[in-house]
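What follows is a pair of complexes built around chain A, which joins chain B in one and chain C in the other.
== the complex of A and B ==
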């Protein structure tokens, strides 16, 4: 499996002949094994040149850029090589046709809420009293099937997330002040973790879409244009509970992350470098975790589950098999 | 000959896939192509580049058939990395000969080179082959023209097929 490459230092990313290396400010160099690299995550102050980007395009490697605060700013998404005009037409058609769009939007929310409930049940079985919120969310979930507008679905989604977040102080053993989701900029530790991890999930989804014929600009649950690569947002919805949320619960409950891993500037809250490294390490391990896929009857990594999700979407779009969002089975 | 058939242009790969698997043919013809397992691609390239260094390589005709090389004695060659002689390869080459015949190029024969096997296989357009090829082309047209891919059963070849995950997920 190809690896992600994370750069925290400042310096320069360079191509020389057929190798890419990172040159730190002190002049020391490390080589990036290009044939084995999936994406590059740039957290430091880094200089790039076009020669490098040309090479990365040739190798199909994306670069995800984060600012000083660890806030995702954007991706270099190389020219696509796997194009299918026919599939693109179908993808657009599934967006413009109201019924077709809602079918897909529902599937995304259905599996997202299934995966959220799975998280809650896990902790409920471990002695946290979450019965109430489970009931509430099951109630919301039962409205998904009959909701006939994307706005309505987004409303249900919002209700589910609100109820879910209210349960977080019960799930998390550390003393946290977390009442609601505040995005940009995050106002406390938990919000900072959510923002950071969600952006990682988003970039992973983007990377997997890149390896398929799907067009990342056309989405179904989210409005195209909400973010440039909005299809990534749709897919991330399904995987956030499994990737982001579970990591947050684990690292906080294991005390791997605490107040000292954050920097607070006028009420905004960001992970500091050490905090980011801890989270990335967990995230990277999560991506590499292997499970046996029931339907394919073989071993796949968590990250590969996203690619398989893309294939399922392709099959839905060409009318071969109806899409059913990923539901965690373990 | 059916008029419509003269206008269809299928690539050698499509002829090949017709014999291998119709589902694969459908996906491929709809530009749903899978990222290749890089090792296999690399090996293919290596065999191509090193095996027949001296000959002029890859002649593209009408964007439809791509002949690996043609030797002076009017033999078209196809290089395959496979370790056994396979039926689809033979038909792919018969199709090339047929295709050239349609364009008025007569007296062509074919040779498949299997560098891994250190073996070659001669290919001729035999009596009855014209009709067979026309029938195959019609079938390919029907398969690729369908709005959804044909259903398939899992077979032994699925194990090494690049479309496996798309197919069985």
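== the complex of A and C ==
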């Protein structure tokens, strides 16, 4: 399996000797094996040049760039090599046809709420009293099937998330101030973690979409806005409970992260470099975790699950097999 | 799969071997590389290495394979010059 590379130091990234060299400011350099690179995450202050981008495009490697505070700013998305006009037409068709779009949007929300419930049940079985929340969310998710507009679905999704977040102080053993989700900017530790991890999930989904014929701009649940790859938001919805929420619970309960890993001097709560590294390490491990796939009967990594999800979507679009969102089976 | 690749080639071809191996694996010591690699990529590396090497001049490449990094116990005596890490 190819690796992701995360660069926190400042320096220069360049093509040399047919691979990538990262030169730190102090002159020391590390070599990144290009044949073994999935994508590069740039957190530090890094110089790039076009020669490097040309080479990365040739190898199909995306670069995701994050700003000083660790917020996602954008991706270098190399030229599409897997193009399919036919599929694009079908994808657009599924967006413009109301019924077809709702079917897909429903499938995304359904599996997202299933995965959320799975998380809650897991902690419920470990002596945390979450029965009330589980009932509330089950109530909301029973409305999914009857909802007939995308806005309605988004509303249900919002309600589910709100109820879910209310349960977080019970799940997390550390003393946290977390009542509701606040973005732009996050106002406390947990919100900062959610923002950070969600942006990572989002980039991973984008990277996997790149390796399929799907067009990342046309989405079904989220409105295909301008300036962002909204299909990866749709996919991220399904995987957020597994990747980002579970990591947050684990690292906080294991005391791997505490208030000192955040920058609080500004009113907001950003992760500092040490905190970011801890989270990245967990995230990378998570992506590499290997499980046996029930249907395929072979070993796959968590990251590969996202790719399989893309394939299922393709199959749905070309009318080969009905799409059914990913549901945790373990 | 996790591998350790070691080569011994004539001085004239050392540089080319180094550059080739570096595009696939982490360079940990002179003519020693290690890292996670897929079976297909390893085949590719072998094919490309054969083009660099001259087998009749006793150039060789040795590959130690391990299912997973977990099964490899690594001990470093002295200085750890080049740590294998994907967080830079």
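Throughout what follows, the second predicted complex is superposed on the first by the 325 of 330 C-alpha atoms of A that agree within 3 Å, B and C clash if a C-alpha of one lies under 4 Å from a C-alpha of the other, contacts with A are read in each partner's own complex, and residues count from 1 in each chain.
The definition used in the following text is that a contact is a pair of C-beta atoms (placed from the backbone, for glycine too) under 8 Å apart; a residue touches a chain by one contact, two chains touch by 3 or more.
For clarity, every value in this text was computed on a predicted model and none was experimentally measured.
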Chain B versus chain C as contact partner of A:281, first or second or both or neither: second
Partner chain in contact with A:9 - chain B first, chain C second, else both or neither: second
Touched partner set for A:136, first chain B, second chain C, both or neither: neither
First, second, both or neither for A:272, with chain B first and chain C second: neither
Touched partner set for A:174, first chain B, second chain C, both or neither: neither
Partner chain in contact with A:319 - chain B first, chain C second, else both or neither: first
Contacts of A:31 with chain B and chain C, given as first, second, both or neither: second
Touching partner for A:308 - first (chain B), second (chain C), both, neither: first
Chain B and chain C contact sites that coincide on chain A, given as residue numbers: 35
Chain A residues within the chain B interface of the complex: 35, 82-87, 211, 213, 295-296, 307-308, 311-312, 314-315, 318-320
Chain A partner contacts - residues on chain C that touch it in the complex: 19, 22-27, 35-38, 41, 44-45, 82, 86-88
In the complex, chain B residues that touch chain A: 30-33, 35, 38, 147-149, 165-166, 168-169
Chain A - residues contacting chain C, complex: 1-9, 17-19, 22, 30-36, 277, 280-281, 284
